[in-house]
Amino acid sequence: MSSSDRVLNAGVLGATGTVGQRFIVLLSQNPMFRIHSLGASERSSGKPYSSATKWKMSELMPTDARNVVVKSCDPALFAGCDVIFSGLDASVAGDIERAFFEANFAVFSNAKNYRMTPNVPLCVPVVNTDHYALIAGQRAEMGLTKGFIVTNSNCSTSGLVVPLKALQDKFGPLKRVVVTTLQAISGAGYPGVASLDILDNIVPLISGEEPKIEEEVLKILGGINADASACAPLSDLRVSATCNRVPVVDGHTECANVEFAGTPPTIDEIKQCLREYTCEAQTLGCYSAPAQVIHVTEEEDRPQPRLDRNAGEGMSVTVGRIRPCPVFHVKFTLLVHNTVLGAAGASILNAEYAAKKGLI
Amino acid sequence: MSSSDRVLNAGVLGATGTVGQRFIVLLSQNPMFRIHSLGASERSSGKPYSSATKWKMSELMPTDARNVVVKSCDPALFAGCDVIFSGLDASVAGDIERAFFEANFAVFSNAKNYRMTPNVPLCVPVVNTDHYALIAGQRAEMGLTKGFIVTNSNCSTSGLVVPLKALQDKFGPLKRVVVTTLQAISGAGYPGVASLDILDNIVPLISGEEPKIEEEVLKILGGINADASACAPLSDLRVSATCNRVPVVDGHTECANVEFAGTPPTIDEIKQCLREYTCEAQTLGCYSAPAQVIHVTEEEDRPQPRLDRNAGEGMSVTVGRIRPCPVFHVKFTLLVHNTVLGAAGASILNAEYAAKKGLI
Amino acid sequence: MSSSDRVLNAGVLGATGTVGQRFIVLLSQNPMFRIHSLGASERSSGKPYSSATKWKMSELMPTDARNVVVKSCDPALFAGCDVIFSGLDASVAGDIERAFFEANFAVFSNAKNYRMTPNVPLCVPVVNTDHYALIAGQRAEMGLTKGFIVTNSNCSTSGLVVPLKALQDKFGPLKRVVVTTLQAISGAGYPGVASLDILDNIVPLISGEEPKIEEEVLKILGGINADASACAPLSDLRVSATCNRVPVVDGHTECANVEFAGTPPTIDEIKQCLREYTCEAQTLGCYSAPAQVIHVTEEEDRPQPRLDRNAGEGMSVTVGRIRPCPVFHVKFTLLVHNTVLGAAGASILNAEYAAKKGLI
Amino acid sequence: MSSSDRVLNAGVLGATGTVGQRFIVLLSQNPMFRIHSLGASERSSGKPYSSATKWKMSELMPTDARNVVVKSCDPALFAGCDVIFSGLDASVAGDIERAFFEANFAVFSNAKNYRMTPNVPLCVPVVNTDHYALIAGQRAEMGLTKGFIVTNSNCSTSGLVVPLKALQDKFGPLKRVVVTTLQAISGAGYPGVASLDILDNIVPLISGEEPKIEEEVLKILGGINADASACAPLSDLRVSATCNRVPVVDGHTECANVEFAGTPPTIDEIKQCLREYTCEAQTLGCYSAPAQVIHVTEEEDRPQPRLDRNAGEGMSVTVGRIRPCPVFHVKFTLLVHNTVLGAAGASILNAEYAAKKGLI
């Protein structure tokens, strides 16, 4: 029996936070995983999950999590877990994730700490699973048999790279991308954004977000070097991002202007390219892989967060308003579910992929 | 006594609509004007303004408008008016505004119908009042002594051109501008945007808005031809606009990326340039001219619509997040009060300017 | 094979409206029904459902509805339907529903037109399915073999009567109820509430809603007369309702103050009573009957619409903040999903119940 | 020259908080006061107000406050102040306000700490300034010449008591009041309510709020005892309050059901009574006293927070939907600006009144 056929025991770090709660909802519906261990801060440890958590999901708390006793995030307490999902805050994720990695766990992280580390895959699972080739080197360096770290990207990056990857694969390198985001409040966690800051208002800054997008895109759309010891980010693409917080619960909207390095395709060719885009996670039959990676909408007032964020159970990206750009070649608007494909869902599909490839 | 010293009798067309209501609020506070006549559709005519109008302003309805009996929009009924403000919908504005113009009225219009007509000033009063030189030609062509039409621009255009004009005046021509807007619901009138479309949501389309911005900017930032018979729009600047509707009551936020044609200034030079920008309406002492045309904010999470839309009583533009752009030269975020500088307030200041210049 | 075991062909009238769209979503997930025919206004008829409809649900449009060609609402065109669900507007529902009834169809209506007709069940399916005894009389009067009309109640009434029924059954008659509602915008259809009326705002009126609640409660909590020819509304209970529209997409919140006619129970007895409440639709195994009719929450800041509206797939009522009332005996806050148990879901469960009882 | 004719030096405690910011806005517009000293926590002291404060008002920060250096809340540092306004949080207000009182300052407090102290006026300045008679006793007890404490009420109480007082004065004692509130987020301060709790949502609990309303109403509508040593709250009125937080920035909406102890007046008599209600602060010509204490609106969908909260510059209460109650005698909906009449504005008018009466 291959590892991909058995149910994997999942540990979730940062389980009581917003990303952690999304992990719980998604794992409880996923036949490949069983919720085994939940980790959080000392304040929560020792309590059943239901009382340790201020639940904020629209879905009811899954029954298979309610009574799990929360632990502190110590690898010694997570024996029996096949895979570790981390929804930890960046302020603590660095040390804890490293400890789990060194303790030979397969770690899937949402935190930013290791995203730009050269031998760590920064993986949007519908885009660049070829970066998993870095894992062998990670293990060799540390003398590990099973441990590794895979990170997923910033939530806005996750949406943006999907159509960009499709375009790059089909029409060759991109030259310049200008993107302006309208990001949902759930991306800031809880309590996160104060209501006085966002009711009848826009906040035109998300601290640290723009540089993340501008550099993560280059790594994800790039390749890896010849001996698979490090990633090889793109050096010829320039990206400029502007990020706004808007009064929307879930779903990031992104307005992109794109210039190709070579002869640009027509609008129809672009639409067809996006519609036809597929990824290896689909081919392998991963449970969370969306049937359609990119939904291209012809309705001129779409995508909209409330209506489109659940496309593909939150794992698809919806792209609309594909039209010529008077300054570059094409402009379009995309929508990504920021806590599914943009966070917990990406980690889970990353783990499914790793299991299918025999890495777990 | 010069015309600018007497109180002018104002007529308002489309007085019961959203723009019309803003006209009423602003005129009631303005010592240069007296609300004289109010025009609306046949359905409203004959009724006192207070009962003809579904009032939607946060300010209480001014007492000097409550009992004015609404008329139909027939020039013969507006004798005694020195100036006509039109908040009419584009579907009817074309014929009605022309009729008032031909009947020798000074018409200040918010509608799009005549904005791109070559001999009609498309005037943001803190930007391009030099286009008033077209008025002499308008009158000559029609044999009028007092009549003319001045339009103001689309609400998003109104905000964007202000810093662009300051930069162009100081640092020479611009080459490319990419702008993404987050526009308030009041811009769509009443009932306008359905609540099911905008609560917990973004609408990524405002029909017809993007081409307006892309072409109006060129006309406003351009000049007029040698014999002042027509405007001379810029031909070397390219503008790409993407417009979104967001759940904000008043105040359009705009994220702009700008490339200069020549050597770009530093960020500090740009800030200084914007801070020092002045316009002739200020010099002339127009009542509605803001003390500061552009507020440059150093707080990194500003401008915000709820906090900044009333800067300069809604007649200033607030610009923040001025920083280098990895793709072009500079990017920044601006905020404009869409129904004040972006609509009724601009018309009123246009009229004040015209009066100061002896055109009314 | 009993009728309840076969799949029933469903026709939906008013299929393109907000309630109609909810019918489509719920029916597509329900194994007891097959979407057979869709009716709407003349403007839509002849078009595939996907192009006739401005879809506003968060769920994607079900594939089994997309290509159904919309018909006009003529009974002759609905041959083959076992059951008719009406989401028609009250302005047209009266005549059309009557025509289907007279054409021998089983009609389940959301409109107000026949709610107070004495021999028509006004049925909240988790509360008063005993009123189905009126159907025999309906048929006899018209000489029909299969036709009848069952209505469901106003959306706010639907939520309120559930705990009231549980309390009345256990502790005897109620004397006085004061209820204030905070109702979601989806209850007003599309375009419905203008965004300028509800962003950063409350509308303290829902036209005609308060009398509906005040009289529908009496009919639903009452019985039927001896020969089952008419309902027998309560005459000793007095209800006072105040209705507000709030900026919430789905889910009506209702704050109730209740006085018992007799000795009041304790708060703990009330909680236990609500938790233990069951209904016949559950016993019969109806697909849409919630596992738990009433969720009693002990968290003091619940129920909340975003977090609790999907309890029991929208078919449960959540009741919280059960505490003594200084003026009456008890006060509490309840939440009902206004378009599920409060509208389309109630009709569907009503139909399931009728099928189980052999009435379809 | 009477004390009411000179400009008073004002100190503001808790000046950087939400209530403190409202004090700054209102005082800067008020000719009776000069902003003299600003106090806040140790963290802020020593900094200019503009840098110590995260400004959240829609009005720009007044220039006369920007450069005031913030102090710690020590009475010794406030020499030169004629009056002290406290916007302190209840957690620290008790000790600090007492220290200022004992240091012989006239203290006007928004905190709850001394509201129910028998010899402290709990004063809504358009309702019960007769309670100022308690001040002589306060001073005598402590041997003070100038010091006293006056508190204002909870923000929801402030709105509710205004029409209740008018009705009680005209038609005699009330017997029972049931009130349900829909309260704005600004009432919770900053950061206050998390956006994830209130976007597309209602929070049906405001901790501790309901008992405050239920007991404060009795004190405010009551009198004082014979020797003016203590207040004499009503004992025969019963009040039941239910409080909700709603997604509105400013303005509390309250739905009230009222029963009179004696023969109830007609609806028209009630409307006339409310319209004709006046208070002593008006008679004395206090600057902040509204021209009309109660605005009675006949428009059936009013009051609305966005449209009516600024009535009387936020110092009026708007009452609408006055209609018979099927359970009690009358029901109506009222709106109060929660940070003006409901907080800082009330304190300021209380101080104006005290000055007019020679108490400062």
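Observations
Just so it is clear, A, B, C and D label the chains in written order, and each chain counts residues from 1 on its own.
Going forward, a contact is a pair of C-beta atoms (placed from the backbone, for glycine too) under 8 Å apart; a residue touches a chain by one contact, two chains touch by 3 or more.
What you see is a predicted model; the values in this text were computed from it and never measured.
When the interfaces A-B and A-D are ranked by how many C-beta pairs touch across them, A-B comes first. The most distant chain from subunit A is D, comparing centres defined as mean Cα coordinates. Taking the mean of the C-alpha atoms as each chain's centre, subunit A and subunit C sit 40 Å apart. Separating the centre of subunit A from that of subunit B, both taken as means of CA atoms, is a distance of 43 Å. Chain centres here are Cα means. That of subunit A falls 49 Å from that of subunit D. Contact with two or more other chains is made by residues 56, 197, 199-200, 247-249, 306-307 of subunit A.
By the touch criterion given at the top, residues 55-60, 199-200, 249, 306-307, 309-311 of subunit A touch subunit C in their complex. Interface residues of subunit B, counted against subunit A in their complex, comprise 176-178, 180, 182, 197, 199-205, 207, 214, 238-240, 242, 244, 246-249, 253, 255, 257, 300-307, 320-321, 325-328, 331, 333. The touching residues of subunit D, when paired with subunit A in their complex, are 18, 56, 185-186, 190-200, 247-249.
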